[in-house]
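Next up: the structures, one after another.
The two complexes that follow have subunit A in common; it is paired with subunit B in the first and with subunit C in the second.
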Partner chain A sequence: MKASIRPYAFSALGIAGALAIWQVLAAANVAGNALPPATMVFTTLASILGTGMFWSALGATLGIALLALAVAALAGVAIGLLVGSFEPVRYATLAVLEFLKPVPPIVILPLAVLVLGPTAEMSLFLVVFGCLLPIVMQTVDGVQGTDPVARDTARSYGMGEGEILARVVLPSAMPYIGTAMRVAAPAALVVTVVAGLLGGGPGLGQSIYQAQAAGDYASLYGLVIVLGVLGLLFQGATRLAERRVLHWHESYREVVP
Partner chain B sequence: MSARQAPALPIRNRKSTMAQQPETRISATTPRLDVAHLAKTYGSGEKSRTVIEDLTFTVDAGEVVCIVGPSGVGKTTLLKCLAGLHPASSGRAAIDGRTISGPPPEMALVFQDYNRSLMPWLTVRKNLILPLRHLKLPAAELKERCDSALSAVGLSHADNQYPWQLSGGMQQRVAIARALAYRPEILIMDEPFASVDAQTRFDLEDLCLKIRKDFNMTILVVTHDIDEAVYLADRVVVLGSRPARVLRVVDVDLPAPRDQISTRSLPDFARQRTEVLSLIKRPA
Partner chain C sequence: MRNVKIRNWVIGGGTPVLLLAAWWLLSANSSDPFFPPLETIIVRFQELWLFDHFQSDVLLSLGNLFLGFAIAGVAGVALGFVTALVPPVRWMIDPLIHFLRGIPPVALVPIFISLIGFGTGMRVTSIALAALFPTMIATVDGIRGVSNDLMDVARVYRLSRKERVLNVLLPAAMPHIFSGLQVSLQVAFIVMIASEMLGSSQGIGAMTLLAQQSFMTADMWAGILLLGVIGFLVNILFSLLKHKVLSWYIGSRRMARAA
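Our next item is the complex of A and B:
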């Protein structure tokens, strides 16, 4: 019992320590009004939480991030299955995909803003762009990593190619896809915020930009704290989902002797 | 020498004697499984590699035939050709006279690597159902097939467990049950008992013989274990390497039912395993 509480106790201690250092640095006035004390940030945050504007911004951010993530996951897995399964498709696309993969979404942000304007669509596009390729590449790896014995088994029982793809290859690739999703989920949040911050898309990014422009540093840090918490939630949710879906996989098995 | 129980098994290999024993089988004209001058070459031109040169043997209905040979002789390649997974380069393999060109619906395959051939994300029962889905069976028949297959291998209690929760021997029994639920007429096993401990191995060998008896199945087993081959088989096809060819087809004259203790202690058992072993050990 004690052992299970300990990690949490230490985590709480670490957070408290970080906040204390923040408070001391702010009190020592090391960064002028650019670093307001923690207490002030939390008071401001409490008042922000009472405004409708905050909640609609939060809703916009979550909506964009989750929708884009869903689109990227569905499209990415579908494209990945296709690219991974069919050699001609693979040869035709892999060079392009490998070329695009290291391009960070922020590089094409100006182009996206130019074409789509500072809109939710622009943010959506950027997030999908940022999340899609890693999911595609992981799915391709997963497809290629499918055990040939499992495939041969399915074929020897007369299962069709489509059925094998859906019932053998896709489940085999799930661990790879799970890893991709775990990386993509927090990234979706980050890109949504960046699209708002730099591209003027709706959501918390835009709120942060406005706070910064107004010199309202306490609100700015308050919003950053909200984002941090959101990031943790995203990560936790994907981890939980992964554990559920992949309960059969070596890394999640509960070994029953 | 010893009175063998029905069915009487005629020698059908073309390399062996032409003398035919009186046939007591019901359908007698064509062998169940007929492998004639089968060859398999991978690649082409200078890089080509001939794994199987010229294999000819037959398996009759209700027979257990074991294929033995030195490791790397191409036994797995042969099975893949028989299962319709790889096309033969020349010659042919046929079931009831029909050339095998794709996975035959009357055949099921049991692989050596049960932990790679069973799907870890499916429970035991769902593993059994997986290859049956495309047969579009009525739900009641699906259930009946799974139930009887699981009880045939003694795993009725494990149907909701995942394969990885079971021991190696149990996993291989699940793989065998999956094959049984498919209701094949011909069961092909690729070194099925090579990855389990000795005691489990004996149990699985007897399970194999029980399946032949209960389901009147034709069984072809590839193995590198000569004792196992002699114990299980009505005939042993001894392969020589490389490329693979039939050295001899040995008729096993051991009484049925076979028994792990009494059969293995028969002088005939020792004589026949020596016969097979000396064929394999003999420099090619």
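Our next item is the complex of A and C:
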């Protein structure tokens, strides 16, 4: 019993220690007013949480991230099934996909801002661009990894190509798609913030930029803390959703020794 | 069978060429201010990057990227080892690490700007700190995944603590560490661009964004092309390094699969 409490005690100690160090450094004025004390940041954060502007920025960020994630998921799985099912298509897209895969959306941010302006559409476009490729690639891998025996069995039962795709190939690609979504969901949040911070799209990224430009450092730290919590929630939610959707799959089943 | 293979090669190599040719032809007489002719972009690319701004901007950006990434890699692996091997440290910093990891790396850049200013120090710090976490977390996972049998054998052979860490744990965790490093490299690349775009005047990212803001579209396209190529090449180089270092692991996996 005592041993199981110890980790939590140390965690509490770690958090308290970090806050104390922060407070002391700020009180010692090591970085001038650029490092506000923790107490000030949390009181500022509390007052920010009471403003409508914060909640509309939060709503914009979440709305853009989730909508773009949904679009990227639907389009990505559809494209992935297409690319994975037909060999010529796979070879035709291989070079382009491999080239674009390590290119982050921030690279085309200037182009998106130029064409679409600092709008929600610009943010949406960037998030879809950033999330689409990983989902496509994973879906292709999933389709490739389908057990050929299962496929042949389905065919010998007289299933049509469409039915095989929906009942055999798609379910067996699901864990791959789940992995891709688990990576894509936090990424969607990150890209939405980047689009706001650097491109002026609506949301918390823009709020951070304004706080920094105005020299309102307490708000800046407060907003970054909000983003950290939001990121944790996104990660937790996707893991939960993945487990729920894929509860039937081997890697999620309860192991009976 | 042979024919199919040749056909696939032709399709694979031909499509990018066709796409580039289509871009060239379709944009040839373009008067659309957003999409200038590819020819103009390539001319500007050559004028800007080869080698007018090569030293002042390209080398500067790449230097920051590698310095930040190197610091993050070394510190990430070291911190990962300490965290994984000393439980009190792990309990103490685990919640903090998870919280810091939840923050989008780019959102830390404004904080570093206000703390350190716009100089090179800020950029390298931002890159290093943002790229630290993937490597560190992967290292911890890698060490925890080392099988107990392996550690028991090491103990039976009476290996010292140093030998156990350097000769048993480190190689066994290497595949995980390299996956973490690859993610770190991508994060480092993103933060490199972001740290230049936020109010700096030097570096590829800054030049690209400035070109966009002053409607020099061809220059902007040239910057995007260069960044895309760098992102691709850096990733390829790292993959080659990974294959070289992990060749024993890849080989053993193949053997295990064949058996």
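In the analysis below, the second predicted complex is superposed on the first by the 241 of 257 C-alpha atoms of A that agree within 3 Å, B and C clash if a C-alpha of one lies under 4 Å from a C-alpha of the other, contacts with A are read in each partner's own complex, and residues count from 1 in each chain.
The definition used in the following text is that a residue touches a chain if its C-beta (ideal position, glycine included) is under 8 Å from a C-beta of that chain, and two chains touch if they have at least 3 such contacts.
Note that this is a predicted model, so its numbers are computed, not measured.
Touch criterion met: A:Val149 reaches subunit B, while subunit C stays clear of it. In the superposed model, A:His249 makes contact with subunit B only, not with subunit C.
When both complexes are overlaid on chain A, the residue A:Phe54 reaches neither subunit B nor subunit C. Contact with neither subunit B nor subunit C is seen for A:Tyr176 once the two complexes are overlaid on the shared chain. Once chain A of one complex is fitted onto chain A of the other, the partner contacts of A:Phe129 are absent, as it touches neither subunit B nor subunit C. Of the two partner chains, subunit C is the only one that A:Leu35 touches; subunit B does not reach it. Touch counts on subunit A: comparing subunit C and subunit B, the chain ahead is C.
For the contact definition in use here, the subunit B contact set and the subunit C contact set of subunit A share no residue. If you check the complex, the residues on subunit B that touch subunit A are 80, 83-85, 102-103, 105, 107-109, 111, 113, 116-117, 119-121, 130-131, 133-134, 162, 164-165, 182. Subunit A meets subunit B in the complex at residues 147, 149-150, 152-160, 163, 167-168, 171, 174, 248-249, 253, 256. Subunit A makes touch with subunit C in their complex at residues 6-11, 13-15, 17-18, 31, 34-35, 87-88, 91-96, 99, 101-104, 106-111, 113-115, 186, 189-190, 193-194, 197-198, 205, 208-209, 211-212, 215, 217, 220-221, 223-224, 227-232, 234-235. The touching residues of subunit C, when paired with subunit A in their complex, are 4, 7-9, 11-13, 15-16, 19, 34, 87-88, 91-96, 98-111, 113-115, 186, 189-190, 193-194, 197-198, 208-209, 211-212, 215, 217, 220-221, 223-224, 227-228, 231-232, 234-235.
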